[in-house]
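Both complexes shown next keep chain A, but they swap its partner, so chain B is in the first and chain C is in the second.
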Partner chain A sequence: MKGQAHILEYFFLTFFVLMVIVLVAIFLTAYQSMTSGSLQSEYETQDTMFMLKTFSNYPILNKRGYKEGSMFEDSKLTAATCGDMETIFGTGWFAEIIAKDSMAEKECTVNDYPLCNKWTFCKVSGEDFQAFEVPVNIYRKTTRVVSAGILRVGFYD
Partner chain B sequence: MILIVLMIIIMMGMGIFLLFSSIRDSSSSEFDNYYTHNLLLTVLRTHTGYKSPCSTVSETISSAFLLPGTTCQGRMKSDILNETIPVLMDAVKKPNLEYYLVIQPENWEVAGGRRLEFGKSWVDNEEDKSVANEKILQYGSNLRVKLVLAEG
Partner chain C sequence: MLSVFQLFKIIFGIVFSAFVLITIMRFSFSYTDIGESSQQAAVLIGFRKVINDVYTTGIPGDYSINNVNDVIMRYRPPDIISAITPLSIEPMTVLMVPGEDMGVYRNEYDLGWYSFYYMEVLPKMNVLINPLNATESVWDTAKNVVSAFPSTENIYTKVKFGFGCRNSYPFNDENWERERFEDSILAWAEVSGEYNNLSVCPLDTPAMDYFDDRITISPAFTVVDGILVVPMDGDTGYIYPDTSDPMLKYFYKNPIDVVSFFLGGDEFYNYTNKKFLNELKFAATLKINEINVLRPNMGTDCVGHYQELEGMLNAIKTLAAQDYRNQASMLSLNEMIKESVSKYKEIGDEGCD
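Up next, the complex of A and B:
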């Protein structure tokens, strides 16, 4: 009888140790996947922040004299090309700047300027992407009016 | 019995650790702050379509505070703001966000005076909100502008 009780005790002890090992393994796996997921999203947000801030303050695209926020100049946006931007930011991204005025959305080319309100750089249709946007100002050089708009930056998966 | 209690303590400890480590997300709040500040600057700098001293939103705000009851091209300055700010906000902010914009003189809490409010005031009471502050010093005014954003 005493021997049986000892065996039962050992059985419970072994079961407890095994349960603790399984729990620790589950915990470590969950923690690992959680931290790697949050690190991934943190890197993505940092990349986006860098891209948005650099784009917003890049002298080739912005009106001079604004230290904070952005003041894109429409003539500079129209003159800039995807190739120009790729020499600075590399590949695998796109950017759109849309002035939210009373006009219907119209892509800006050298021929349509200034009767247009959307500038697109390096957009490839059909590819999956993740995009982020921030409000920006756009200076319309011909009318000297400051419009509100959005800058959308996307990264291809 | 002791083993069961030990097991419960271990499980609770792990659960609490996982919960706390999932809470911190500094980079997303950095983006929210950047977004809110950009939205506030964008709205303040945008032209209203009226002539000076109402050409931009910030100019209209300062002149509405300094010379209340006056007009620009026949329209009350406060009406211009009531008409322009909500339209601008809706045009550029993300549709899932609600805003609350407050404009008041510096030391309003002590000295009192006029105060302009736009958007929904409940946004200011939300726990998960993002706040941007700016000052308007045009024409000798000293105004504090606060924009609060939260998910609606």
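Up next, the complex of A and C:
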């Protein structure tokens, strides 16, 4: 009996030590997985933020000579197409620029210009995305007036 | 005398301890690998963010990577090849030479109606410009090539210049960074007339230890060490990467081609050409579309100017689709670009912009 009790003690001790090791290993693996997950998330956020900043400062869409940040030109936004932009920026993203003026929101096409205030590139409805917004300036070429607006850029999941 | 139970305890203890030790060691090795990879990934993500920020703001910066060879194996544009995974830096055009301390700089090739942005991510570097039998096109080429390097006055990681040689000695100074070297030193060297007959700089002398590499510019082919540039004018000419093989040459149409070749050989030369011509086509297409959008709202005085510009842009689109190694096509492209820049300036002067 005494011998059996001793053996049982060892088995219990062994079991608990193994449990502690397994729990520590699980904890460290979970922590590492969380860190990798947050790195991945940071990378995706960085991608979207970079797209936002690059788009808003892209020289082809901006008014020349304006050094303090960016200023879109409405004629350039109207002239650009999703296909054109995808040759530079790749696929899987979208962008919207909306000028906040007294006009009701109206999508810009060659026929509607300049009586329009919304430009959309590569937007697909029904898809999940992560997007960010920044305020931007939009130079109205025909009236030589600057409107405030919002630029929204996102990546599809 | 040991009892059976005591023997059991000893053997069991040894086996169990060995099992625990081996398990912990194996786990800690794999955990260390994962930890190192996560660290390297964080360094690369931070590096890409700095490049992104410099690209969007135009404000140069520095970035340091300890044990850079463990993190970045090489740069094969547009990917940074690391031990973990290739990291793409599209859509930026980046010329990178990895080093422990790197300066990050956005340079610009301004065509008036369009600007081509390209990034230069370089370690500390001292470049020797060696103009031989200097003519006007040699001096112009020297200044244009220097302007295509980064201006490091406001960052810690410096790219410095010198020129030479006379009596086997180069001319250099600690303060000769791009702005000063291009605007003052080279300009003065050309105007003074005293430096038109410089000789080939020797390869291995103490005076040459200061420089990391050299670009020799000569109006005619000559055998030299390093890259030889033979200009046709200030913007175009041929690059000879190895003058022991005079048949191996690359046509350049702007100074970015020369600097790309200098930094990364034909791999960078091909990459920069493809990016530049692709963006040029895109910019020309967009400008043509913009002219069509604006046409109904243009003043009658401006219509003619924009029509001429549109014709030039259509020609640029066609020429930019040609092989960049074709001298005739690229010379025509350069000519058309110059005309379009001049026409665009005229449009602005007329108040039509």
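We adopt the following convention: the second predicted complex is superposed on the first by the 139 of 157 C-alpha atoms of A that agree within 3 Å, B and C clash if a C-alpha of one lies under 4 Å from a C-alpha of the other, contacts with A are read in each partner's own complex, and residues count from 1 in each chain.
Rule of thumb we're sticking to: contacts are C-beta pairs under 8 Å (C-beta built on N, C-alpha and C of every residue); 3 or more make two chains touch, one makes a residue touch a chain.
The structure presented is a predicted model; accordingly, all values stated were derived computationally and were not measured.
Peer 1: Put the two structures on top of each other at chain A: do chain B and chain C fit, or clash?
Peer 2: Here the two partners, once superposed via chain A, fit next to each other without clashing.
Peer 1: By the touch definition at the top of the document, which applies to A:L115: first (chain B), second (chain C), both, or neither?
Peer 2: Neither chain B nor chain C is touched by A:L115.
Peer 1: Classify the contacts of A:T45 with the two partner chains as first (chain B alone), second (chain C alone), both, or neither.
Peer 2: first
Peer 1: Who does A:V124 touch here: chain B (first), chain C (second), both, or neither?
Peer 2: Touch status of A:V124: no partner.
Peer 1: With both complexes superposed on chain A, which partner does A:V145 reach: first (chain B), second (chain C), both or neither?
Peer 2: Only chain B; A:V145 stays clear of chain C.
Peer 1: Between chain B (first) and chain C (second), which, if any, makes contact with A:T35: first, second, both or neither?
Peer 2: both
Peer 1: Between chain B and chain C, whom does A:E133 touch in the aligned arrangement: first, second, both, or neither?
Peer 2: first
Peer 1: With the superposition applied, I'd like the minimum CA-CA separation between chain B and chain C in Å.
Peer 2: So the smallest C-alpha to C-alpha spacing between these two chains is 8 Å.
Peer 1: Does any part of chain A touch chain B in one structure and chain C in the other, and if so which residues?
Peer 2: Correct list for chain A: 35, 42, 46, 49, 53, 56.
Peer 1: Can you list the residues on chain C that touch chain A in the complex?
Peer 2: Contact set of chain C toward chain A: 5, 8-9, 12, 16, 20, 23-24, 27, 31, 34-35, 38, 41-42, 45, 48-49, 52-53, 55-57, 90-92, 114-115, 117, 278-279, 282-283, 285-287, 289-290, 292-294, 297.
Peer 1: What residues of chain A sit close enough to touch chain C in their complex?
Peer 2: 3, 6-7, 10, 14, 17-18, 21, 25, 28-29, 32, 35-36, 39, 42-43, 46, 49-50, 53-54, 56-57, 59-60, 64, 75-76, 78-81, 84, 87-90, 110, 113-114, 141-142
Peer 1: Across the complex, what residues on chain B touch chain A?
Peer 2: Counting only chain B, the residues touching chain A are 3, 6-7, 10-11, 14, 17-18, 21-22, 25-28, 30-31, 34-35, 37-39, 41-43, 45-47, 56, 88, 91-94.
Peer 1: Applying the document's contact rule, which stretches of chain A touch chain B when the two form their complex?
Peer 2: Listed in rising order, the residues are 12-13, 16, 19-20, 23, 27, 30-31, 34-35, 38, 41-42, 45-46, 48-49, 52-53, 56, 68-71, 100, 132-137, 145-150.
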